[in-house]
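This report refers to the structure that appears directly beneath it.
Note that the chains are named A, B and C in the order they appear, and that numbering of residues resets to 1 at the start of each chain.
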Amino acid sequence: MEKTCTVMLPLTMNSSEKPQTVCIFGTGDFGKSLGFKMFQCGYSVVFGSRNSRMSSLLPSDAEVFSYSEAAQKSDIILIAIHREHYEFLRELTEDLNGKILVDVSNNPKINQYPESNAEYLAQLVPGAYVVKAFNTISAWALQSGALDASRQVFVCGNDSKAKQRVMDIVRALGLTPLDRGSLKAATEIENYPLQLFPMWRFPFYLSAALCLFFFIYCVIRDVIYLYVNENKDSTFRIAVSIPNRVFPITALTLLALVYLPGVIAAILQLYQGTKYRRFPDWLDHWMLCRKQLGLVALGFAFLHAIYTLVIPIRYYVRWRIRNTTLTQVITKKDDPFLTSVAWHSDSYLSLGILGFFLFVLLGITSLPSVSNMMNWREFRFIQSKLGYLTLILCTAHALLYGGKRFLSPSILRWYLPSAYVLALIIPCTVLVIKFILIMPCINNTLMRIRRGWERDSKCSKSALNGKSDI
Amino acid sequence: MEKTCTVMLPLTMNSSEKPQTVCIFGTGDFGKSLGFKMFQCGYSVVFGSRNSRMSSLLPSDAEVFSYSEAAQKSDIILIAIHREHYEFLRELTEDLNGKILVDVSNNPKINQYPESNAEYLAQLVPGAYVVKAFNTISAWALQSGALDASRQVFVCGNDSKAKQRVMDIVRALGLTPLDRGSLKAATEIENYPLQLFPMWRFPFYLSAALCLFFFIYCVIRDVIYLYVNENKDSTFRIAVSIPNRVFPITALTLLALVYLPGVIAAILQLYQGTKYRRFPDWLDHWMLCRKQLGLVALGFAFLHAIYTLVIPIRYYVRWRIRNTTLTQVITKKDDPFLTSVAWHSDSYLSLGILGFFLFVLLGITSLPSVSNMMNWREFRFIQSKLGYLTLILCTAHALLYGGKRFLSPSILRWYLPSAYVLALIIPCTVLVIKFILIMPCINNTLMRIRRGWERDSKCSKSALNGKSDI
Amino acid sequence: MEKTCTVMLPLTMNSSEKPQTVCIFGTGDFGKSLGFKMFQCGYSVVFGSRNSRMSSLLPSDAEVFSYSEAAQKSDIILIAIHREHYEFLRELTEDLNGKILVDVSNNPKINQYPESNAEYLAQLVPGAYVVKAFNTISAWALQSGALDASRQVFVCGNDSKAKQRVMDIVRALGLTPLDRGSLKAATEIENYPLQLFPMWRFPFYLSAALCLFFFIYCVIRDVIYLYVNENKDSTFRIAVSIPNRVFPITALTLLALVYLPGVIAAILQLYQGTKYRRFPDWLDHWMLCRKQLGLVALGFAFLHAIYTLVIPIRYYVRWRIRNTTLTQVITKKDDPFLTSVAWHSDSYLSLGILGFFLFVLLGITSLPSVSNMMNWREFRFIQSKLGYLTLILCTAHALLYGGKRFLSPSILRWYLPSAYVLALIIPCTVLVIKFILIMPCINNTLMRIRRGWERDSKCSKSALNGKSDI
């Protein structure tokens, strides 16, 4: 529901109820924007400031008082002041006693201070109810009404009544409050707006590195080698042919890297005989960004699909086909239809299409609103069973595409094998190990470990004791 | 979680607790449907009506009483009556004192009355706790259980306990309550179900007009001109060739129109030297529907992509290729491979693919559940940085496609330039102005203005004063 | 917001407040995992167990007591024990009086017991406040932190304060609590994690059966018939050609089956003259899984689109085109351009593309987060109007594709018509009936019935009486 108060004038209070007064400390940009917005939504707004003269810039009806005076006008006070200047609030503790203080501040850096701004505020003014809110909203967005992005306002605080009051204001401004619990959550709420895709960083850099490596590799094999050995100018391949080689390779490698950590974890658990030992940090981090890795892989697979589909439109391809026909006309050579070649061409296309289809399906189910509709069992079914099927199909697609060519030594150029051969190493390794892991004898042990069983003698007793426990 | 009470019989109350009684005033379709549903979900339902005879149509267990009698049976009363007939409730004020009245009504038109139905009800029965709810649910959906669409029930009211009680009922019926705050929100809740894509109207009409204009333009240039001058029947182009010219042009123009208002706003702010002056209304409205404009543009880009990919399957294209080959065989003309043509063809294809890929990415990130996961910084990064990159790639794609042809006078037919030349005007303008705006000297001023700085002397002082405020 | 406590050490309590103590009964895998997680998030955890020795396996700081002792340490007790062993809690009723008991249990089968585990627990310990929670979270996910799927924790309970306390803990663990109302909802919450796509089963099996049938049908007509009659090996068609025949047929049939139940329901309502009679069960179930049917159909349409687009890359197609050209060169036959063939080829392609585009649009609007943004009117507009337009476009695409061929008897092989002819039966039937239903005379009656009117005399009176009711 698009619920914004776009009118400049406050809603006419035709009901007899008096508008609620909210006090804002600080007349900076954010304070003013918030004040404007509240004023538009029917609140009466009072500003607290060091000097009360510069009322010209504020909403016409708003009044500016000294901090102490302003505090007395309302029982909700928004502190739109930088943390460094909170100190002066100490002197106002008496005025602020029993009031609801809303901390809207952010810091320029993540984890800049030992405690969150809101907790610091709560220490400074122990008699007030501190609620953290509004820090995820931008002043610009508040004013322009362009709230497409984050209508979500994270709210936390120790007093549930104070929190409720603040959440009502958030709702009145057309925003969505999200209760994040007690004031302990303030640190995370304050760090939140400073993040820039933290989970995507590793997948992004990894895929960029893979792309670059394979791009250079292909340029050496397909452009420089041909230029040096055959003096042929095939630089135009850089535009379509080589990307369409680099993208599928990167996609397949990244897809395999999604399933590699799970396989490593299983081996570790089998080796250690318990699931209660922590994985190394790199493995933990890797496992947490599997979804992002998979989505980046899907992006490359999508690019590969389109690059492949435009092939027949390319000038080079049309010229080559025309040339082949002409040569055939001139040489009058017979061109019989080879069923085996048709089988080969059609089956790797078909495998690729089915693999891509399942990949897209995986991508759709990882959309937050879709995965929220699934229970744990369904999610695992999709991401594990369907995921491995995708990996199998895509690997088979690449294997078939190469076919016998991969084995012939003529494919080597300057001792470098085709890039596709390199691309197949990780996927095949993952699939082989996974195949070993799902063999009944090994799988049973692994399942027992994952249910809490441990190999040491002590633990088996404990498992016996705990058999009635979940 | 699919939580619906599909059984017709009420849940057996094997616990000792007595089922809660709910009273419904009005035995119209919606009242009956709601009653049925509540009955199925274990509530005891009592109807209030002017005459209590027509019980045959109601759930078998439900009883029908006079309004006054029914009101005494329960402390929650759903008013399933049209607003025009609320008047009679005045006589029941005594019976309704302290009760929770749930207003479920809608109006046939947006903003039909000065105050919302729920607020009107609250004025009529001042002693009751009025809660607005259920108006977004359709009777048909309640009965058929087909609640795929809006399981969401917006709830608002001034008394939080009454609201909580109603929200519990909403949950019990398998619906999702959404607290929208105080009764002031009722107007918007009542307008909500009457809307039909209000934000999409402008983008839709604009794109329809653009499509129509360019369609006629292309028909004149490519069909009528050829028919008049060369007497060639090329009407078949209307099916694929001309749409595949109109769609990319519309897509590119719309994409540029997404970024044009931002550029205009920046110029306005630079000119006015402040961000605290309101934009003209048309600019405000334009800025608010940028997302919709972009998504419509994405739709056209998607169509362009598929229309392009089917090119080699078309009879016309196959015939032309065959014909070219045949002509070549007959004339025995040499057909050397031109690297420059290959470069040109491949690079505009590549630019188009990459532009389309980024465009799809932008589309995905504008899905509500995805954009909700992003903070403001991430959202701006995607929509601004990635958006401009998309615009640059797509404009370059169109520029390269035209290539030298755009400059040659032979492209004019009846003094009309190619449609692509027209399509490039807005994107190029936007990119050039944006390029000027991000030059350090101008950008710095703009950034200062957006942080609240104002050019007038008074303001610079205020900025000085307010430097500790957010 | 990624809010997880990844550190192993408890958060340093630099504030003076004492950490809250939570008691967990049962030291099984889930109990331990939950304990670990709570410990990491700053809670003090106490375990209750039959024997208190096996502390070595638990978090180092956690203490293990007898059940009775542990219960006294905290007012929130998580019962991480299988339902079969709840019996012993009867002896502890005194210790558990007034405490909040959180039932986290699941059963191995859906609806295994007459009442839910949580309700059973509430009966055993009548003096406690029972809250159902955490059963949708997996122990593995809690430990590994891989909570991509279900961060959602459904919570229900009769005491709202107890529920609030538990929801605060849920939030503190970085999970999202979802209030599902009173303890009656526990049955559904307990069944939820056991489901495996219940709504998708019918569409999945139906489409699998359709695919199999048409696959065999096409193999008989296109492979076996050709082999028997012309001794031609066309097995390679199994890889691409036949799937690309089976998929569009299945897609079109499924799409028509989405709209068939609505048409049947309308006929039933017209026949019965009322909407207050229940549909037969099969129709009800069918109507509830229309969305899933449509999405499966979209999947097949997507596959059809890609299979069609790769056509020009296939070896068989390239060989055939080359061969046609060569034959033409040799026979020197003229190959004039036929505008009618160009029209035919281009228009069925264009219809297919537009139909696919609308189909994708329907798919996107059925994403939970998108359909949640729409009101009932918008949802009906999209799913009904746009849906029928899609069906019309796709049916026209198939009709045009077949064209005159469908009518010629030469298409019969072993008396079997082309598979496409079969595929058109259901869509055409649905469209013809729908066309009849929307004729004003019939449509008006239907609309009146759907607004609650009934054909019997009694009802028309009631409608008269109830005209003021919603």
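Convention: contacts are C-beta pairs under 8 Å (C-beta built on N, C-alpha and C of every residue); 3 or more make two chains touch, one makes a residue touch a chain.
These figures come from a predicted structure and were not determined experimentally.
By the residue-number overlap criterion, the interface of chain B with chain C counts as different, with under half of its numbers used by both chains.
The rotation that brings the Cα trace of chain A onto that of chain B spans 120°, given to the nearest 5. Centre-to-centre, using mean CA coordinates, chain B is 23 Å away from chain C.
Multi-chain contact residues, meaning those touching two or more other chains, occur in chain B at positions 192, 309, 312, 321, 325, 329, 367-370, 372.
Chain A makes touch with chain B in their complex at residues 1-3, 6, 8, 11, 14-15, 26-32, 42, 49-51, 54, 56-57, 80-82, 84-85, 104-106, 136-141, 143-146, 148-152, 164, 168, 171-172, 192-197, 233, 235-236, 239-241, 243, 299, 302-303, 306-307, 309-310, 312-316, 318-319, 321-323, 325-326, 329, 367-370, 372. Listing the residues of chain C that touch chain B in their complex gives 114-115, 119, 154, 160, 179-182, 184-185, 188-189, 192, 198-199, 275-276, 278, 284, 287-288, 290-291, 305, 308-309, 311-312, 321, 324-325, 328-329, 335, 337, 339, 341-347, 349-350, 353-354, 356-357, 360-361, 366-381, 383, 450-452, 454, 458-459, 461-462, 465-470.
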